[in-house]
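Dropping the structure in here first, questions after.
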Amino acid sequence: MNDAVADAGDLSAAASTGRSQRSRVAQILMWVALIAAVVVAPFFLYPVFVMQILCFALFACAFNLLIGFTGLLSFGHAAFFGGAAYVAGHVIKVWGLSPLAGILVGALAAAVLGYLIGALAIRRQGIYFAMITLALAQIVYFFALQLPFTGGENGLQGIPRGHLFGIIDLSQPMAMYCFVAAIFLIGFLIIYRTVHSPFGQVLQAIRENEPRALSLGYNIDRFKLMAFVLSATLSGVAGGTKAVVFQFASLTDVHWQTSGEVILMTLLGGMGTIFGPAVGAVTIVTLQHELSFMGSWVQVVIGAIFILCVLLFRRGIVGEIGRMLRVTSV
Amino acid sequence: MDVNIKLILAQAMLGLNNGVFYAMLSLGLAIIFGLLNVINFAHGALYMTGAFVALILYSFLGVWLGMEWLHIGFWPALIIAPLVVGSFGMLIERLLLRWLYRYDPIYSLLLTFGVALVLQGIFINYFNVSGTPYPGQPESLRGVVNLGFMVFPKFRLFAIVFSVIVCFAVWFVIERTRIGSVLRAGTEKPELVQAFGINVPLMVTLTFGFGTGLAGLAGVLAAPIYSVSPLMGADLIIVVFAVVVIGGMGSILGAVVSGLALGLIEGMTKVFYAPAASTVIFFLMVVVLLVRPAGLFGRQS
Amino acid sequence: MNAPAEDYLRISDLHAWYGESHVLHGIDVTLGKGEIITLLGRNGAGRTTTLRSIMGMVDRRSGSIQIDGEEMINMPAHRIAPRGLIGYCPEERGIFATLNAEENLLLPPALSSGGMSLDEIYDMFPNLLEARRRMGTSLSGGEQQMLAIARILRTGARLLLLDEITEGLAPVIVKTLDTVTRRLKEKGFTIVLVEQNFRFAAPLADRHYVIEHGRVVDCFEADQVEANMDRLNHYLSV
């Protein structure tokens, strides 16, 4: 995680102005590519498949806010993704809320959950933080298994897509697609703005050198907790949206393997890069789709990618390309 | 009232039975963490592998070799499986983990997570996910013993006694012998120990092999009790992580005692409010984090 | 001084790195069998790193380190002490907190048959006998320092690398250390002292090397010290 930071430290001032200009151009190009991809994709691929990618891309970007920009490895993010999926599904199906309101309620639930889990987990650091988030997320998993409204092993099925603002029929694939694309782009923009805000700068200062950030007088725990809640909330948006797209929420959504997958997407795309997690999500979701004929060997492939990424490819796809093009922030 | 006490004692015994597995696994994790500063996510998968080695030795190896009469039983498995799993652990350390010591320990955690997925995926492909019974339980440990308050399966009693003996033997070796003092010194200041002429990289490999071997041993003991399933390690490792957070990584004895105690508590919870049994350890972790974040036996930093 | 019989330790053009930072820029030091030298200089000049480089405790090193004619520069760290018969006493003493005093004492493996026995050691350091069951870090600073020296005398090392052994200790203990070091010299040990306390080091050493910015900038024989006091003070003043 610190490789990129160390690299950035070696630069002379002159080189860094050149680099920051190049970075700006690269960022504009990436934005154009991203929006173009979102607009064009449904004409070439199944809209549901692209929507799945968008949900996981938003999930991975939200996760990256923690690991990439704050330096906290959460191993329990499925709790927010899946928890929000169940809550959104329930309020839409049983309470009859509109899909947008349902997703927002799901995100709110994820925020509350994020506050509770985050407040406990930040009491320890590093590897303990990872173990604690994993264990706390397991509580959410058992609740999803045991509570009456979740449908236990079968999951919560038959969530209606309903009408957006009471008029737009979301059972139409393209209408649903535009809704999901809008949610993704808004979520992505929020993350982008956060990273570049003064708040985001403090988070990165914490990642790079926690004692120094502390000595500068920042209330580190408060910043970590705020980042955690924001990350959980946006993961909840992704999870709620996913529940509306697929019309169900299941135990898979809250399982630790989903927490592992979002880590892999972020790692593969590039931790601490802006566009990397989205690239990672596209890669992993596509891979799972293309390799589905392999059955449970997919898990072996995923595990092997994990091992290779950690050993050889710690900057990830976007991070590695950025380094080759000598661009610092993409 | 009388019935209740019997029920509580019975659940306590079953809880203790789970507790010895928590203790053996958290002991291995703590030893590895001490010297390598690595949390081995593959520990659960290696425990599962240990159980499968025992199952394969008894039920499959003979068939594969075309010698249907060959069933390698429980006692040989108790020695072979830890050796197989420990050797595999040493390979992981030598070939993979070794390259990551200079980076953030998070990368080692992710690497071992990948190893766990690979192992689990491989076994899922060849074996039934819902479990295969292990038929190789030795004749001498079949049947039940009367403990006064309940009749208890002989094998489970053996597993409890044997594991407790193993845990305390490991504690004794680490705290009271020459090998243990080298290990403790290596945990504190590996560079200096190396400068005294001790081969620390070799010690690291052997320690990782020993810790994972303990997981393999626990797997063999678990095979006749639970059915042998590719997923048996995955859920267990998360509970063991909670045990480790509760106990703190600082002490060997702490890992063993908290493992046993939490197994007991989990068993008792079944008596009073069964649905909470699967989460009680996680909630206890929450309480410990609120009251004593470093863990019960951990050093406050 | 007698002319040194043969070089026991010969360091030439030694460079060392911690990560990317280049710490030593070409150290040259030679030391005959039975001699005592000091490495003088300010904090951060590279004296401790020189000792750590000899022991292989840096990330990367280049140049040449010969001990008794054998090249050690490419040797893995755990082979250096046994091959060179080196006893290393690190700065901050390196006492293990989770080991008791006797376990600390017995930790370093024997390197040759010439080491002191436990009885001889308890004879030389009577305090350690009483303290032998106490945990390492519950010992006083002086006791810890005695322990750190005692444990390398047990191993049969012939070359001792002693880093700041007088630092932070009361004058009475410094006096004991002076006696100990003299006895070691009489016993024929070859010793490298890294010292801040020049008054302790001056009467013991045969030669003084001054290190600045990772290089040897000056070298005095013991009998030249009087005449060059001004230059020495200049090097060592803060």
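Order as written gives the chain letters A, B and C; numbering starts at 1 within each chain.
We adopt the following convention: contacts are C-beta pairs under 8 Å (C-beta built on N, C-alpha and C of every residue); 3 or more make two chains touch, one makes a residue touch a chain.
Note that the coordinates shown come from a computational prediction; the quantities given were computed from them, not determined experimentally.
Among the remaining chains, not one touches chain A and also chain B.
The greatest centre-to-centre gap from chain C, using C-alpha centroids, is found for A. The chain pair sharing the most C-beta contacts is A-B. A separation of 33 Å divides the Cα centre of chain A from that of chain B. Annotation: 44 Å between the Cα-based centres of chain B and chain C.
Once the centre of each chain is set as its mean CA position, chain A and chain C turn out to be 54 Å apart. For chain C, the set of residues touching two or more other chains is empty.
Touching chain C in their complex are the following residues of chain B: 178, 181-182, 184-185, 187-189, 191-201. Listing the residues of chain A that touch chain B in their complex gives 1-2, 73, 120, 123-124, 126-128, 130-132, 134-136, 138-139, 142-143, 146, 256, 260, 263, 267, 295-307, 309-311, 314.
Residues 55-57, 77-82, 88, 90, 94, 96-99, 103, 106-109, 111, 155 of chain C are the ones that touch chain B when the two sit in their complex. The residues of chain B lying in touch with chain A in their complex are 39, 96, 99-100, 103-107, 109-111, 113-122, 124-125, 234, 238-239, 241-242, 244-245, 275, 278-279, 282-283, 285-286, 289-290, 293.
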